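These notes open a run of structures that come right after.
In the two complexes that follow, chain A is the common piece, with chain B as its partner first and chain C second.
Here is the complex of A and B:
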């Protein structure tokens, strides 16, 4: 059956018109943004600065995160209010690699220990820091750490049939507990400062335009690939089971499905996607600290998905972009109103646009088509 | 307790399921009280009884949703139902239709039947393996049986109440169950729908074994070969419809005489 995977992926995408537009858009961004950044003069109106390019890349990592949340919330009905934790763990795994890359260029010049450890007077590298000098190992951890945490958490939660609001509260507690833990200096993750002052990745200077463009490209590709993967998953027969679980869990159980396995499996996949998004986020933003575990962050992700349109996948991407554009603009122009703006947006969407922005667009188009047909 | 009249009449090999001495209490309330029930292979059994007689609890025990305090429940002579989990019981060949139609509203008729198909249901298989021609044929066959061929691509939410009930029976059939438990199939149906449901259930008897719980006496009369009356958690009377309606104790229970 393996040889069918490619055709299956293609078929899944072919059946998804809105998703195709999204992928075309991504492809256009992938080509045009680095081109404009590299080829046009800085004074040109068409020029996209390094700053804007990196900002767009940041939005794309958020979009990946939103996709991960939509997969479990929109399709399986698992409302995770702690997905920021998986994002942050992926980010920390990447951050540990970047810290090890600094080497003797740190303030204290220690060849092995990152600055904060020297500052804390530690003499040797903690065991869990070993191996992070290797990029493949770090990549493995980016996938494994969020994945294993999701596996353990999900196994316990789903086996005990914790669902609905109770599960949401537990995921909040999870990310909050991790935040408190990571704030502690003796955890060995840099305490409240986290990691920053990264120098290079695989030997490429992180400040260099070329590296930034390459990271931008990787992020766009990762977002596109995640989208296709999620679309594939929900279009398989397993995807129909997942939706069936969302709509009538006990019925699905009576039909003989091991609901726990399906939930666990999709939850782990979602956590891994979130981890990869975090790993792409950290080298571009240049910092990771325990604030990423903040419960508010995780709630914000859910708002992106709700605003974009839950249970559509492309809606999650659109929502992440819209809200974060608005956030960048409003926090710059009117710093004090941003939270009110976000809250207002959420209220408007839940009251008037229950299927989110993409749902509203779809409805508007179909009424227009009906009007034209008349 | 006296020897059960049915147990003596048929040989053991005819029995598909038997419940013996089943008791269930909820906070002191005895929902089932030393219930004995013997179901023969291929029969269509109707279960009636006033509210609170224990009909639903009995179904819950058979499907593993409720564990009895006491008693034994054997299926197909060798399978001890009390040792199995809900999904295991479903896999063993017992399908249940709930009172309220609970089809998957957001999916098509076809997808509903596909979801209900028997066979391995692990994540991995459902991610990779497509339907075989045989499975497609089976779905077509069931669509034909339940009379929903034209609605195959309609979303289940758009089906009428009666059609949803038939779809749900179709979903049970997809699991190739030996035993079908059907809870109030005709509640809320139009007379035409009731008639078609009776035809459907009669056509299934023989190939499958059916236990139907129903309040609608006229409907029970139209399909029943054997009727069991439950009262206060145990069997009050058993027999064909005429003898049941003539039974003095049944009259007392139903009419409070």
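Here is the complex of A and C:
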């Protein structure tokens, strides 16, 4: 560990021009969106509604998730088709806290048990629900649960050198198994319906504009912080080794690097980021259910990264925004077109846009520069 | 010159021919003819004038006759379809036809015209007679030469066994040769004996029942051992209770054995579904190394092809499945070739990109099916020859579709194996998969082989879809639910190894079924998935890894 983390972080960001633009953009949103929401009149053209603000916050949590995937796929070559599982686990941990906060305001008014447990005739709180009435404990679980799962899974998988498509299929099986498990009522996570009907967070009403703006701010800060962290990680010496593993795993191993350890800790870091993103997602969207574990969701994350441009970090953020904006627009305007659009994107991007949107822009700019120089 | 015997029969025919239409014997002594023995004709002719008591005797005599017409007469009488024509007091079996009644001569079975019901009087029956008729019919069937009919008659009688029925059955037991019928009678009588007041009879009955799988037997024996709240048992005698306990133990052992067989077969059939889903993938993924996420959707196309074929030939549902198999092979195969030519071809050597692009294809196919057909499940009819079940004994019944799927999958597997090992295409496929450059150098058109291999794997997926259409709902999500499972089966069996796929699919199916009673279907599936994840960590190359250098990809 070097002396000053902050100078290192700053140095990492200074070397990253596109990333700086991204951070400026984030900062602008962070200030302008809540301001516009709070200060301008509702009829004004500049007014940003609560709905739009929450939607933007949702996109930002997705962007964090995309960052997490880009960190392992773009830099370490691990294609996880189960990252939605870590996102959902983080979300469930936050959801459990929010469920406990409902207290006697539920339909059945039970001070201890959430509604679905009363409905299922449960008599007492299961052991794993204990402690979730405390916010710090819930935050700890948001980090720990995805982290420990990733640690166990990664430890086993990387140690036995499962890689490539095999690892992808394993991760897919993992999220699929979790989905089946969370669908069961006996698991104590609300089964099919998951958690919803949240009331407040730390005593603030979740429906209130102020709370929404605060959550929006937290999300923007979290996204920015994650970006800086990821940028720092890939700019260190260890980051260089991780890239080497992506490009020539055997060669890195022969050079004496402990490939498994590098892969493992970058995988765990990525899972934790995904879990935090999930925890930010749940209070703003207001629901979490086992559908989040579905393998299709996880594959969709990968496509955000691919479309934005893998191995760039800022590309992942851009991709998540573009695809989700298109999804919101298309599912509203032409519901049946969305899947054609998404499917088409998968094909077009893999066949023609190997470096994604940011790669295409970069290429266009460099050809223009070369043209100008000539 | 005609012999005397011949002359006699001619005379007999003449006599009968003269006698019957006129109802000659109705005037004479009602139940006997000239020889003193009753005949069918004489007994029937006696019916109209007989009192209820007389009819009782007549029925008993009718049963003794060897004539096959007796059954028809008795059952018509039981159902109130035996009539007397008022004009000449002749007896007919009647069938309602429009306003009137069609008369059938009970002796010849010929129609004797249709008359108004006013011209007829039914042969009267009371409750006592009905009972006698039922017993008589049962007795008739009991003596039928067809063992299957006898068995049915015994079962019918056992449903409500009275003292009289017991006597009949005991009598029959002495002369019965068919072992199944004997067994049925013995069990039935023993069940009746359980109510006997004599301890020795009950004891014997309990011993007889020790190897019966009849659910009634199980319930009765269990009831005997049940202790009620006041401390008394269903059976008062301790010796009989002990015998019942040991009989029950034997029965339970049998039941467990058959339950095991059932689990095995159900597991095999579930495994066969997995193999079906995975076997096309074993070609595209296992042999070519292409991750085709649209594989499930190719199965879905096969299932929808079945649906369309049934729409096109609604009058030949039985044959539709047979037609659908090649049709689905073609449809899915052509789609597969299109996918290979259009997309996969450009992505060889980049497996992760292939995975994403084919996933895009799967989304498009799903949405296309949703738009063309409907987002809802489509009804695919199960032909009659696939429905029903095979009843092996009282506790083991296996539905035909489970049996068919096992055989069908195995046949498909063998066919695929034959294609790969015995045909020119198979040789080319193996050559290209082992060493692409060398194959090319030897003059094999690798691009063409790639397309055909992918088409073959996809076509097999289509055939699997036809089979799945008989087992699950045919909807846009059909493919998605199998994709994770089928990849797991291929990886578990060892990539590039068809036998591995077959074995691993069936093994997973059986394990799943074994776990189900303890854990429930969903949890069993989760356990299997977790087991697979852990297994792949231990043996990344699957159960049967390919040996040699070709495996180091």
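Basically, the second predicted complex is superposed on the first by the 371 of 374 C-alpha atoms of A that agree within 3 Å, B and C clash if a C-alpha of one lies under 4 Å from a C-alpha of the other, contacts with A are read in each partner's own complex, and residues count from 1 in each chain.
We adopt the following convention: a residue touches a chain if its C-beta (ideal position, glycine included) is under 8 Å from a C-beta of that chain, and two chains touch if they have at least 3 such contacts.
Source: prediction; values computed, not measured.
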| item | value |
| --- | --- |
| Dominant contact partner of chain A by residue count, chain C or chain B | C |
| First, second, both or neither for A:79, with chain B first and chain C second | second |
| First (chain B), second (chain C), both or neither touched by A:237 | first |
| Contacts of A:296 with chain B and chain C, given as first, second, both or neither | second |
| Touched partner set for A:340, first chain B, second chain C, both or neither | second |
| Partner chain(s) touched by A:168 [first = chain B, second = chain C, both, neither] | second |
| Touched partner set for A:11, first chain B, second chain C, both or neither | neither |
| Partner chain in contact with A:265 - chain B first, chain C second, else both or neither | first |
| Those residues of chain A which chain B touches in one complex and chain C touches in the other | none |
| Of all residues in chain A, those that touch chain B in their complex | 1, 4, 233, 236-238, 240-241, 243-244, 247-248, 251-258, 261-262, 265 |
| Residue ranges of chain B touching chain A (in the complex, touch as defined) | 63, 86-87, 90-91, 96, 98, 102, 104-107, 111, 114-116, 118, 121-123, 126-131, 171, 175 |
| Of chain A, residues touching chain C in the complex | 79, 153, 156-157, 159-162, 164-166, 168-170, 172-174, 176-177, 180-181, 183-184, 295-296, 299, 302-303, 306, 336, 339-340, 342-347, 349-351, 354 |
| Touch list for chain C against partner chain A, complex | 291, 293, 343, 346-347, 351-357, 359-364, 366-368, 370-371, 480, 483-484, 487-488, 491, 522-523, 525-526, 529-530, 532-534, 536-538, 540 |
